[in-house]
Each structure stands twice: as C-alpha cells, then as structure tokens.
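Look at the two complexes coming up: subunit A is in both, with subunit B in one and subunit C in the other.
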Partner chain A sequence: MSLLSIGDLSIEFGSPADPLVAVHAVSLSIKPSEVLGLVGESGSGKSLTSRAIMRLIKRPGRITAGEVLFDGRDVLQMSQRELRQFRANDVGMVFQDPFSSLNPVFRIGSQLVDALRMSHDYDRGTAQRTVVDMLDRVGIPRPEHIFRAYPHELSGGMRQRVMIAMATAARPRLLLADEPTTALDVLTQKQILLLLSEMRREYGMAMLLVSHDFGVIAQMCDRVAIMYGGQIVESGPVESIYDSPQHPYTRALLRSVPGLEPVDRANRRQPLDGQPPEIGPLKQACVFAERCAHARDDCRRTPLPLRRISEGHFTACPFEVTSDANYDEAQR
Partner chain B sequence: MIVGAMALCSILAPLIAPHDPNQLDFGAQLRPPSLRNLMGTDENGRDIFSRVLFGLRLDFVVVLALTYVSLPIGLVLGALAGYFGGIVDSLISRLADILLSFPFIVLVVAVIGLVGPGLGGVLIGVPVVSWAFYARLARADMMVMKELPFMEACTALGYSKTRTIFRHAVPNLVRNCLVFSTLDVMGNLLLLASVSYIGLGVQPPTAELGAIVSGGQPYLLNAWWVATLPGLVLVLFGIGVGLIGEGLSDGRHQGTS
Partner chain C sequence: MTEAPDVALSVDSLTKDFKTRGPATRGVAPTMHRAVDSVSLTLVKGEILGLAGASGSGKTTLARCIVRLIEPDTGHVKLGGTDVTQARGKQLRMLRRRIQMIFQDPYASLNPRLTVASALTEVGRVHRRPGSEDSEAFVRNLLQQVHLASGTASRRPNELSGGQRQRVAIARALAAGPEVLIADEAVSALDVSIQAQLLNLFLDLRDEIGLSILFVTHQLAVLAAVADRIAIMQDGRIVESADSTSIFRNPQHAYTRALIDAHPHANPRLRFDARELPTSAEVNA
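== the complex of A and B ==
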C-alpha cells in the first residue's frame, strides 16, 4: 500500500482552449518511509509535480486531470478545511530558497512555535521548550540563542535547518524537499542532505526529493523517477537505473555527471545537444524524440507509454538497450 | 528628541504653562516677548507661550489620532486588495483612486461642510480620505510579498488565509506604512493648522497652533511675535517628525539588506 500515489496528473497553463501542458499524465507512488527522487532539468515539471501534492499550484497554472491519493484520500478533492488539516499534519515541505522562506519580521522561535502549534495542542511554554529541542536536533548550535534571532542573522545553511525543523514540526508522514540544497554551497549541501536523511530515518518519514543533481539522488534515494518535458520518461530503483538505464535521456543525464576520474578522451563527459522542449500544446510524439539519437519515425508520430523492464523499473523508450557505444564507453 | 521634548511639553502643558491660555488681560495687549511672557501676548493680552503649549498638546493628540486611525484602515484594505486581487482589488483600488483624484483639502473641507466646522469635521474628514494612501502602499507591498516563498510556506504549513494575511503578511507591511505615516503626520499637522487658519477647524477660543498663527496675522507688522513664534514651533515639530521618519526608513534598509 502506497502512502502517496499520484495518478495521471496533468498541469496546464494558458487558456483552456489553447492549453500549454506543463505536466502530462504523471504517475508516481511513494511507500511509507521510502525516498523517491524526482530528477529533471529546469522546466521539466518536477517542482510543479511536487507542489501539486500540496495543491500549491498558483494561478494561472491548474491541475486539469489526475488524482493525488494520500493514504487513500484524494488531496485534489479535499475541502479547504481538510486541505489545511492535511497540510498542517500530514506533509511538510522544505523549499529551495532558504533566504526568503522565513518571515523576515519575526524571530525564528516565534515562527517555529506558530508552526508547531498548528499541529499540537501545546501551551506556549511547552511549545517553546519543544522548539528549542527541535532546533537542537537539526544541529543548530546554541538553540536558546537562535530562538531569539531574526532570520537575517542566520546563514543560508542555518536557515535551511530551521526550515527543516519547521517542516518536520508536525512529524509529517511525508516530507517534500524541493531542491533543498540548490541555494547552498557544497559543504553545506552535504550537511543538509545528511540532516534530511537522519530526520527521515528518525521520524520514519517518506520523502520526495526533487533535484537536478544525480549525485544527490543516488546518495539519498531508494527509487528515482526521471522527468523530461513534463512527463516521466523512466522510473525505477536507483541501482537498476544506474546499472542499466533504459531511456536515452537517462543515459545522457548520467553521462553528464562529472566523476572523480581524470578527464581524458575515453571518459569525457558528454553534453546533450539541443534544448529542452518549450512548454506548449501536447504533442503526439515522444517528448525526447527531437534530441534523441535513436529516434525513429514512430517516435515522432505517437506518444510512447511507459513499459516495464524489470521489477519496478519502467521506461518510455520502446527500444531495448543493445548498442550504445558511447554509453558503454562512459561506464568504463 | 525634538518630538519627545515637545510631547513632554504638551503632556505637561497644564503644569509648566506660566499662565492660563485663555486668560484675557486687556492691560497687557500685544506685549513683545519678555521674561514674564516668553513669546509675548496677543491682541487680547493672552500669554502666547501658554497658548502654544496648549495648542501643541491639542495638535499632538489630534494629528496622531488622524494618522493612526487612517493607517490601520488603509493597511488592512490594501493588504486584502493586494492579496486577493481581482474584484476585491478593483473595488478597493478604484475607491482609493477616486478619493485621491480630488485635492485632499477640498474633500476634507467638503466633509467639514457636511459635519459642521470644528474638530469633528476634521476628525472624520481626514481618515475618510487618507486611508487611501496607506491602502495603495500596502497593496503594492503585498503584491510583491505574495510571491515570496515564505508566504507559500505559510500555506504549506496549513495556515488559513486569514492567519497568513494578518499574522504573517501584515506585520511586514507595517514598516513602510509607518515610514510614510511620519510624512503624513506632518501633512495632517499642516492640514489641521490650515483648516483652523481658514476658520473651519478648531474654533476660538481654543488654543491651536494654526489658529494662533491665523489670529496673529493682522498684527504681523506691529507685533510680529504673535504669528511668527507659534509658526516656528510648528516648523520645529515638522522637522522633528521628519527626522523620525528618516530614522525609521534607514533602519528598514539595514534590516532587509
């Protein structure tokens, strides 16, 4: 039984008569305490998908089809009241930009106390003590001191720690992390990721980690879904995707990740030619066909459904991986 | 500092005023400033220094009331307009536009015409119009802020709209409105003085700075102190308030950088 299951989710912009499809027929599921990675480049619809889970899509964007089942209840059908309950208690979200995700005029402590009291019936004193504990747990030194600090007095990493404390205050069963480390420097990134996996293990939370960094995904996730042009092109267990990526886009993505080996002709990183697709009307074709070296006429004529490769591993590419010399070379 | 000293003076007016501000003394008309009458006396022999103290006290209270009644009204309406947009925004913004398209004082005089001359008219007339300034300011700030991640974070934490707007957004809007309100305090002070000056504001014999200046005008040539010294006090008050505003806005830039 999945904790979260998204079925055929579509998100459109533009007028209903002339829709611009940003996300098309995305299906995902996350089991309790599982970590799912959602990878893709900018504009591939990964952030939109994660936002749709909390119904945070802003106008003019709208969800035009699909369902988001959390624990069997469809988030998209919830009343405002139920939705608030759901947001307060069941999911937490860590945003990309810790610099503007905290209210600049309130002290850290009072913001956390507020967040905590949304889900717990604590009186002010208990809430304050709990918040200091929480700050301590997310690795903030001198929590009593930081409790009284304003957001601008904290560094980016510290603020992201505060955001994590806030998102996990309600002990949600699902944590959505939308590129939580993009705005931070590399060392801080590492610490924040460590913190996230610690918190996840400790609280038994499931997590959806949105990222464009394959390294981060490999380190953190159980399963991964790769998005391109608003659709999922491949999904499966991390090892399976790493060992035998099926979709040409996934392979290109893996090839573009820098490694530690010295760069020579044999293991040179290979950039992918072309541009990601622009948002537009839905095409009756494979989303990746334009940039795909293996594309045939069929690929440009009909949309390609996901097919099963092995247990839990799906790809949208209809061809078996047999001879991809470049890829094999890069692996060696 | 200046404002603080003036506030103190006006609060303590009854204690430090050397004379009763309305005490007539026809034996001492239009006396120049002296130790006995620090700012001289007016055409009715009243001590101008005492009248200025009491006038300042009245001006202080009235002007602060005017400004800080308009501010919350405008702040809330502007915040709503900025947050919801659409029809709410259209209604509030158009109303504000209409009010602001008239010269301020004309509208206030019109309201005074309806209510009758005196403080009542000013107290009603000014907030009726000047909330619009704050509404515009708050609306613009809100529209910017609405897009900031922390507002989304509020939604993501399950806060209700009311809570998001009033507990989390509005406190962010207050600073700008406060800075503007110091300008507005000055504006209102001058307005009150001018309205009293043309005889529609505070009615004699009540001491009010504008009224004192206006009353002293006919004697400007032979008794300059009657109009000039209270006028200088008015100017000083304005400068003091302006400095507070500047301080606030400097503090704001430090806070956000």
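== the complex of A and C ==
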C-alpha cells in the first residue's frame, strides 16, 4: 500500500486553448518510510511535481489532470480546511534556500513557536519547550541561544537545520525535500544528508528528495525517478539505475556527475551537447529525441510510454542498451 | 624578488582581517577575524590551479584580494613582475584588464539592458583592445571562443539560459584580453550536464589560448575534472597543495581527507552511512 501515489499528473501554463505543458502524465508512488529520489535538470518539472503534492502550484500554472492520493485521500479534491490540516500534520517541506523561508525581522524561536501553535493546540510555554527540544534534535548546539537569534546570524547549514526542525515538528509521515543541500558546501551537505537519514530512520518518515545531483540522490534514496522535459523517462531501484541505466538521458546524466578521479589532459569527459527543452506545447514524440544520439524516425513521431525491463525498473526508451564507449569509460 | 618566467601570478604572505560581531558577541566590542592568513601561492602560466575549501575558509576573500575588490592588509600579489597591491590609478586599471574574474551568478554580473554584442564591444572599447574597431568580427570571435552561436550577439541576458549566461560572462572576461582568469564558484549554480560542458570550455581556454586560471570552488569533484594543481584552504590558511593526482590519490591533511569523504558518490554502495542506514524493508518490518 502506497503512502503517496501520484497518477497521470499534468501541469500546464499558458492559455487553456494553447497550453504550455510543464509536467505531462507523471505517475509515481512512495511507500511508508521509503525514500524516492526525483532527479532532473532545471525546467524538467521535478520541483513542480513535488509542489503539486502540497497544491502549491502558483498561477498561471495549473494542474490539468491526474490525482494525488495521500493515504487514499485525493489532495486535489480536498476542501481548504482539509488542505490546511494535511499541510500542517501529514507533510513537511524543506526548500533549497532556507533564508527565503524565514522572516528576517523575527527571532528564530518566535517564528517556530507561531508555526507550531498554528497546527497544535499548545500554550506558549509548551510550544517554546517543544521548539527548543526540536532544535536540539536537529543537532543545533545551545538551542536556547539559537532560539533568540535572528535568521541572518546563522550559517546556511544552521538555517537548513532550523527548516528541517520546522518541517518535521509535527512528525509528518512524508517529507518533501527540494534541493535541500544545493546551496551548501560539501561538508555541510554531508551533515544535512546524514541528519535527514537519521530523522527518516527515527520517525519512519517517507521522503521525496528532489535534486539535480545524482550523487545526492544516490546517498539517500531507495528508488529514483529521472525526469526530462516534464516527463519521467526512467525509474527504478537506485542500484539498478546506477548499474544499468537504460535511457540515453540517464546515461548522459550519470556521465556528467563529477567524480573524484582526476581527468588527465588527454582524456576528457564527453558531456551531453545542447540544452534541455524549453516549456512548450505537447509533442507527439520522445522528449529526449532532439539530443539523443540513438534517436530514430519513430522517436520523433510517437510518444514513448514507459516499459518494464526488470523488477520495478522502467524506461521510456524502446531500445536495448547499446555499447556506449563514453559511458563505459566514465563507469570505470 | 625576480620571478621565474613561467609564473603568471604569485601571491606572497597575503593577510586580510575583518571586524566581526556574531550572536556570541552581541553588545560586545567587535573582534577581529583573520579571513586570509599569510597565504602564498603561485599560478603557473597555462595551468588551472584549483582553490578548494568549505564556506568561510577564506577562498573568496583571497580571490577578491588578488584583484583588489577587497584591499588586503599585508602581503603582495605580483602579475608578471608588477606588484598589484601597490598599483594605483591608471596602472591599477591596466592590471585589472590583465586579471579578469567571473562569479557564480552570471545574471547578477551582466547588465540586463545590454545585448551580448554591446556588453562585449564595450569591454573592447574601454580597454582599447586590438581588433575591437571592427565590433562585429570582435564579437563573433569571442562568441566562437566560448562556443556560443553567432545569433546570441543580439540577445539580452534574460533571454539566455544559466549556462549560456555564464559563457557570455566568460566571453566578456576574454574581451579584455586577460593573462589570468579567476573563476569563483563559476559552475556551482549550473545543472550537471551544463556544468560538464562549461568545465570543458575552461580546459579549451587553457589549451588553446594558454590562459592561466585560478578556479575557486567548494567541490573537489569539480576540480578533478579541470585542475592541474590544487590548493586546499581551511580557516584562512593553505593547509595542503599538490598536483591534482596526489591530492586525490594520496591526501596528506585531515581537512583534505574530510573534503574528499564528503563527496556524494553517484554509486549508492558508497553512501556516507551505508553500514548504518537500514533499508525501508527493515524499517517496515
């Protein structure tokens, strides 16, 4: 039984008569305490998909099709009252930039206390004690002290810990984390990823981790879905995706991830040429055909549905993996 | 001090202090924080020197001191035998032409009202660059060097993607005809596939026009793809420096090893907590 199940979700911009399709027919599901990674580049629709779960799509964007079932209830059909309850108790959210999620003119503590009292029937004293306890649990040293600090007095890593404390305060069953470590340096990133693993283990919390960095995804996730041009092009268990990526885009993406092996002068990496597609009308073609070295005429004429290639592993590419010298080189 | 002919830029005992006031010192007299502590380094002609460290290690302050966007307190920076730290007026302007800098966010560093062509031509005109009289050819050459289509010339920054904007920022730096390029987190905000393209561009500039590049980043993995040598900075000091291969194969300093350990591997079997983290099946059991 899935905790979250998204079915055939589509998100469009532009006029209804002439829609620009940002997300098309995306389906995915997360089991209780499972971590799903959603990986893709800017404009791939990964953030929109995660925001749609909370119904946080801003106009002129709109959800034009699909369902978002959380524990069997369709979030898209909820009343405003139900939606408020759902956002307060069932789901937490952490964004890339913690600074923009905190009000600069109020102390950290009072913001957290207010947020907590919105969702819980706590008196001020109880809320304050809970907040200090929350800050302590996310590894903030001297939490009583940070309680009185302003957001600008904290480092990026500390601010992100505060956001994680806030997002997990209600012990949600699902945490949506959208690029939670992208603005942080590698040492802080590691600490935040370890903190998220720990919270997931402690609370049995499920997580949707959105990132453009396959390295970050691989650190955390059980399964991963790869998005390109508003569609899922491949999904499966993270080991299976890493060991035998099937879609040409996934292979190019893995090849682009920087590794720790020094590249000598004679032997460069071969990156994927061109740029990701811009949002536009829906095309009856494979979304990746324009940049794909293996594309054939059929790929440019018909949309390609996901097909199963092994247990839980799906790809939108109809072709078998062919030998790809660059890819093999990068995997060495 | 005479310099070996193959040195493009040298930094000698550079130090910079800042006044600080944090939550720990509110209401207390400001204390001094040494952001850069007696740093010396040499950038060899035609090499890419990586400068790596976490946030607050002082790497950006050092980069800014080199071009004197921040005035260093003590120490010297020499470009081809001329002391940058002592230069004034016209001489400083000349030196700044020869050391160009690019930043993380090209959107913030490009004038939104100028087309790409006028941004590039302006630099050529200000510095009276040879070839800039024929602005069309000047722009075409620069765009070619950074692998942008000639049609980009008439675009404004808001019409370009992040990767294209960073290429324009590089072209604008090249328009000044620099000997040294300082790239401060120049690829950190870009998607990985675009990042890989940009890294190859830096390699092209090194190999094709012999540009010397100081590449500042917090990601050692990025340096693995471009740097010939790497200097590791912690708390304002260079704690280790060596050729790229030695840094990755045989790191000596604990901080270097910590940066290497913090790299998120794309291989899920190399997780930070691979031994501790239970699978979801175990959590559900």
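Throughout what follows, the second predicted complex is superposed on the first by the 325 of 332 C-alpha atoms of A that agree within 3 Å, B and C clash if a C-alpha of one lies under 4 Å from a C-alpha of the other, contacts with A are read in each partner's own complex, and residues count from 1 in each chain.
In this section, a contact is a pair of C-beta atoms (placed from the backbone, for glycine too) under 8 Å apart; a residue touches a chain by one contact, two chains touch by 3 or more.
Bear in mind that the values here come from a model prediction, so they are computed numbers and not experimental data.
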Partner chain(s) touched by A:197 [first = subunit B, second = subunit C, both, neither]: second
Comparing the two partners subunit B and subunit C, which touches a greater set of residues in subunit A: C
Contacts of A:100 with subunit B and subunit C, given as first, second, both or neither: first
First, second, both or neither for A:41, with subunit B first and subunit C second: second
Which superposed partner A:84 touches (first subunit B, second subunit C, both, neither): first
Touched partner set for A:155, first subunit B, second subunit C, both or neither: second
Touching partner for A:242 - first (subunit B), second (subunit C), both, neither: second
First, second, both or neither for A:208, with subunit B first and subunit C second: neither
Which of subunit B and subunit C A:218 touches, first, second, both or neither: second
Shared contact residues on subunit A - subunit B and subunit C: none
Residues on subunit A engaged by subunit B in the complex (per definition of touch): 54, 56, 84-89, 91-93, 95-97, 100-106, 114-115, 118-119, 152, 163, 166-167
Interfacial residue positions of subunit C with respect to subunit A in the complex: 22-23, 54-56, 161-164, 191-197, 199-200, 203, 207, 218-222, 224-226, 244-245, 248-249, 258-273, 276-280, 283-284
Residues of subunit B touching subunit A in the complex: 148-150, 152-160, 167-168, 171-172, 175, 255-257
Residues of subunit A defined as touching subunit C within the complex: 31-35, 41-42, 145-146, 149, 153, 155-156, 184-190, 193-194, 197, 201, 204, 212-216, 218-222, 238-239, 242, 252-263, 265, 268-269, 271-273, 275-276
